[in-house]
Amino acid sequence: MTRSDGRTATDLRPVTIERGWSAQAEGSALISFGNTKVLCTASFTNGVPRWLKGKGTGWVTAEYSMLPRSTNDRMDRESVKGKIGGRTHEISRLIGRSLRAVVDMKALGENTIVIDCDVLQADGGTRTAAITGAYIALADSLEWGREKGFIGKNSKPLIDSVAAVSVGIVKGEPLLDLAYVEDVKAETDMNVVVTGRGLFVEVQGTAEGAPFDRDELNALLDLALGGTADLTAMQVASLAS
Amino acid sequence: MTRSDGRTATDLRPVTIERGWSAQAEGSALISFGNTKVLCTASFTNGVPRWLKGKGTGWVTAEYSMLPRSTNDRMDRESVKGKIGGRTHEISRLIGRSLRAVVDMKALGENTIVIDCDVLQADGGTRTAAITGAYIALADSLEWGREKGFIGKNSKPLIDSVAAVSVGIVKGEPLLDLAYVEDVKAETDMNVVVTGRGLFVEVQGTAEGAPFDRDELNALLDLALGGTADLTAMQVASLAS
Amino acid sequence: MTRSDGRTATDLRPVTIERGWSAQAEGSALISFGNTKVLCTASFTNGVPRWLKGKGTGWVTAEYSMLPRSTNDRMDRESVKGKIGGRTHEISRLIGRSLRAVVDMKALGENTIVIDCDVLQADGGTRTAAITGAYIALADSLEWGREKGFIGKNSKPLIDSVAAVSVGIVKGEPLLDLAYVEDVKAETDMNVVVTGRGLFVEVQGTAEGAPFDRDELNALLDLALGGTADLTAMQVASLAS
Amino acid sequence: MTRSDGRTATDLRPVTIERGWSAQAEGSALISFGNTKVLCTASFTNGVPRWLKGKGTGWVTAEYSMLPRSTNDRMDRESVKGKIGGRTHEISRLIGRSLRAVVDMKALGENTIVIDCDVLQADGGTRTAAITGAYIALADSLEWGREKGFIGKNSKPLIDSVAAVSVGIVKGEPLLDLAYVEDVKAETDMNVVVTGRGLFVEVQGTAEGAPFDRDELNALLDLALGGTADLTAMQVASLAS
Amino acid sequence: MTRSDGRTATDLRPVTIERGWSAQAEGSALISFGNTKVLCTASFTNGVPRWLKGKGTGWVTAEYSMLPRSTNDRMDRESVKGKIGGRTHEISRLIGRSLRAVVDMKALGENTIVIDCDVLQADGGTRTAAITGAYIALADSLEWGREKGFIGKNSKPLIDSVAAVSVGIVKGEPLLDLAYVEDVKAETDMNVVVTGRGLFVEVQGTAEGAPFDRDELNALLDLALGGTADLTAMQVASLAS
Amino acid sequence: MTRSDGRTATDLRPVTIERGWSAQAEGSALISFGNTKVLCTASFTNGVPRWLKGKGTGWVTAEYSMLPRSTNDRMDRESVKGKIGGRTHEISRLIGRSLRAVVDMKALGENTIVIDCDVLQADGGTRTAAITGAYIALADSLEWGREKGFIGKNSKPLIDSVAAVSVGIVKGEPLLDLAYVEDVKAETDMNVVVTGRGLFVEVQGTAEGAPFDRDELNALLDLALGGTADLTAMQVASLAS
């Protein structure tokens, strides 16, 4: 089966990473997975929230949001509605957990990093693009913290890298990195977060239509591991440039 | 390894289901997984939200909440704080998706069922107990709808049953149905929602400490399928009584 | 006149008190007045809010809430609506005042007790059941505080007990402890909070239909004093068990 | 005992009613009980809220609020805090109930009256002044509705008048119409709402310090009936002018 | 052209200032510009917000609000809606900036003044009446602070006075101090805040209908300077009385 | 005086307009004034809000927001805080008014355009860049509406163009288009919105430090008219490309 954009089942969309897009943030990346564009910025602060003070460990958290017209139909702003929706909460929490999985909080020391992932344009896979781009912003902000002396010279707060990709079953076929038109008709949708060493940080599979069996689950995981390996390579290249 | 409460790795905690606990709801169950107690009520309404009107399909949704002193330390009420936290949103959405996976919305017709899952006492596994109990409340409310004539005599809105269990890796060992003391020290935590026929509805695995590999993932899935098969049997028995 | 449930005008509904229902709270009671069921938990904390610090006195407060399907028709959750309604506020304040009336704050010392009263099932008289059950939870939490050494051995923070009952005039006749079907047709509705010694803490009478005269007011107060005397006896028995 | 402002126990403070204070409202009164000043306006609208449509009955409701610097210490605005406090809710509800008790909703027809009671200056008794002044605004707005033809010529929506006063026990002595300095040291505080014919609409007695006995309750009710009879006479005079 | 209320283009409406209207505030004025009536109160507190502590400077801020029935049609309360509208925010900020422009924060010392401007009746020009009246309340509260010793004897926190007026172009003609009926048909609307010495603090001109040219702008500024000079004279007279 | 970035007092910063940046919006522009970058998108909807239905006129409104890390220090998200700040409200209203000033609502017909202006990076002048870019998005969305047939072929909803610039007095010297470092030390700050024909839509001048006199006001207006003329030329060029 050829997909509507000409990809094979195991192809990622074209991925670009504009590292250092922001003139102000301590780390940043404008990442695109096809038409999905997410601006990820890292804000490094010396010090930690009150509940962590004096414990010698740092904190990494994330906030995800979509611009109101990042989508085909304009959404109301959550700031105007006065509350954050369940989906936004859920994705913010997922990004935060994914990043914390590759940070040694003791090595970070009493420093806080907030990663903002703002979706400028959405075409499926916004949360996986966000995680993949957020890692770049995180890595650069840690380097900034080291240069400023907030992190010790020999400290290694990054214990691994992390990337994410969506997979799904569309018309019975497992596909990698779903675009929006594929996502809406997927029977099963899965987001997989994987470290640079190939270990799982998160596996979130959901039957949107029919429930899935063990073989389908395995096929999706195979696809995802292939995709995240490619994304890891791009992250390495970006950070080396 | 024997667990602190004497269970083996593959044992569920004692499960009880008080079907029809509520005198008012169209379906209800007070379910306990050990010390975790969740009151599940189903509210059946003839009619659907505006955005579904005239489409001939029904709607099933869920809301999860914890009493402020269901936990060891009292939590502030979300009604007093004026907003719902990310975790509450996330679990409400999970329960709703899990139930919708076993309902044929065409067969339900233009009827709405809201399932409330209120945690009266929490000792780990509140979301999995909630899903398992919510299915009982759902099934009874569908029967109520049939008796009242809102659902056709030959309609079969329930296409399968659904149950859920948590699994996790504690000190390197995969365990079934984690109690709170186990949950807080788990390296990996997974919630698995499975139908009566043994198909997956949701798989949500999270590395709390170290990321996990493919073998560990498989071991956890094996454990979960065993647990949900047992829970399915208890659901069948409860609904037959 | 015989009432729909067979009671005479001066009968309470069957009252049960399950003391210590909660495995986690410092004091708790699941109280029922007929089909009205309220779970009351007391959370004891050493220390007081900032505005009381250093004054040597404690604080007792209460929060009341109804589960969304405790009623015949499902209500929206106040946490979802993002604000607490006037009725909820009013009852929470009433419960708090009623309990504080029997506590010597100096003897309590710099400790805080929060009483949560969550209505699991509502059939009239939820606020009076809540006050009556909250007293049990309060008493047990004070005992817990004494055992833990937060309250001095010779301190007597409880200066009296407190119970409450509703009374009303239905079709011209004064009735004790109104069930929901009676409450909705009452011309006058009154909630009376009385100490174990028979003194008034609160008298809240409202003309729902026609205003009432002095004789009617006196008849309602007579009924209420009878009912609270019975409830006081049940509280004594419960705490003695 | 002579009170700090020279009154005897049974004296009201000087009461003034500036009827028609507002150039815009359909009915209005600026009422003062001593230094307590409340601006009451009635907004008459032809039509009723959706839930009452087609039932042939009207609706009367009230909102109470205090200016931030109506008190000795400035309070935060509830609009800035983003939520209404329990006390505000409670008093708004009390005023609404008190007014509805003297309105025949059938005779009002499908019209809505909203009474706003804004406390410009507070020195105790703001809710009782509000009720007493709100009645004047209500009466004038009904007359306006009749003139405009929204209320039939022979309809008599007002079935009685209503006034309110506070009473309390200070240092063991029952006093009428407490000023703020008296209110803060009262052992018992009671607000009594009485119709022009001398019937009770609301009796709300609260033990602030020591609980009160039946004799004290009776003494307070006697005082209150005297005070409301005087207020009723002033209302009659104001409406006749 | 004679205006509907008989004024010429360069006439202010009748202005009255009731200085010291409030028995509680440290400074206050009930100001009227024709039918527009605004109650301005100043609350003086020794101390400053946390972010200013230890800097030796004070803080002046303002809050503006309209009573729900200050207008022809009743508005919903912002406290009931749970959020403050853009217009309210904007005017509160304008009043605060206008007052701060004439205060030497060093001379004020670590004291805070909050000015509340509550519109009791609205007929156009509420923000300009508010600024003009707020200055009186501010001046008196500074005097209070000096008497209490919070401000040094030789400190001169007031460096100038401030007043404001609206101007606009109606049917091509520039008019001073627009009443509501003029305001709604103005092509251009401008609010001008001017010090006692005749310097501009704020110039806010808005084309409601057609954009305006440089000549029209100049004509409006001429009018405004005339009006604020008159208002300054009235402020001087009020403070001298 | 040469400015820190080498400009003269009458120079704009480098301005770029990426027209059609968004793949989804009916009109869009990513505009930069130096380091200030604002993404403006126009959402065109056939139909109008309920209060305008059947009047034959359209509606144009705007929402402004800043990404949390568009600034040097990260700001909390307004969606997380649950309310929109005064500054955000004020600027959203300003942008909406500025755009409506150049739209003939009758010619637009019953269509609604919402312009979102999201600041991706902030370095002073975000509101003026937003207005200038929003005009491009607006113009393209109107063209889209004409192509889709929602606007008549001969209708001319755009009656002029609109652009905006900030001016200010820094160390006594009037400067055009202030960067952030200039803005914070400006004695007077003015935002001026001007149509393509050179007429004023908004003039908002504020004394941040010392009040300003008539001559200074005139010098600022001269500067602003020069700057907006240049911006108008760039808008014409962008729309012609």
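Letters A, B, C, D, E and F mark the chains as written, and numbering starts fresh at 1 in each.
By our rule, a contact is a pair of C-beta atoms (placed from the backbone, for glycine too) under 8 Å apart; a residue touches a chain by one contact, two chains touch by 3 or more.
From a predicted model like this one, the values you see are computed outputs, not experimental measurements.
Where touching is counted per the definition, the chains common to chain A and chain C are B. Contact with both chain D and chain F is made by E. Chain centres here are means of the Cα atoms, and by that rule the chain farthest away from chain D is A.
One simple way to say how far apart two chains are is to compare their mean CA positions; for chain A and chain F this gives 33 Å. Computed centre separation for the pair chain B/chain D is 50 angstrom, with centres defined by C-alpha atoms. Taking each chain's centre as the average of its CA atoms, chain E and chain F sit 28 Å apart.
Contact with two or more other chains is made by residues 82-84 of chain A.
Order of chains round the ring, counted from chain A and going first to chain B: A, B, C, D, E, F. Residues of chain A that touch chain F in their complex: 22-25, 28, 35, 39, 41, 43, 45, 63, 65, 67-72, 74, 77-80, 82-84, 88, 114, 116, 118, 120-121, 123.
Residues 83-87, 89-90, 92-93, 97, 101, 160, 190, 195, 197-207, 210-214, 217, 221 of chain C touch chain D in their complex.
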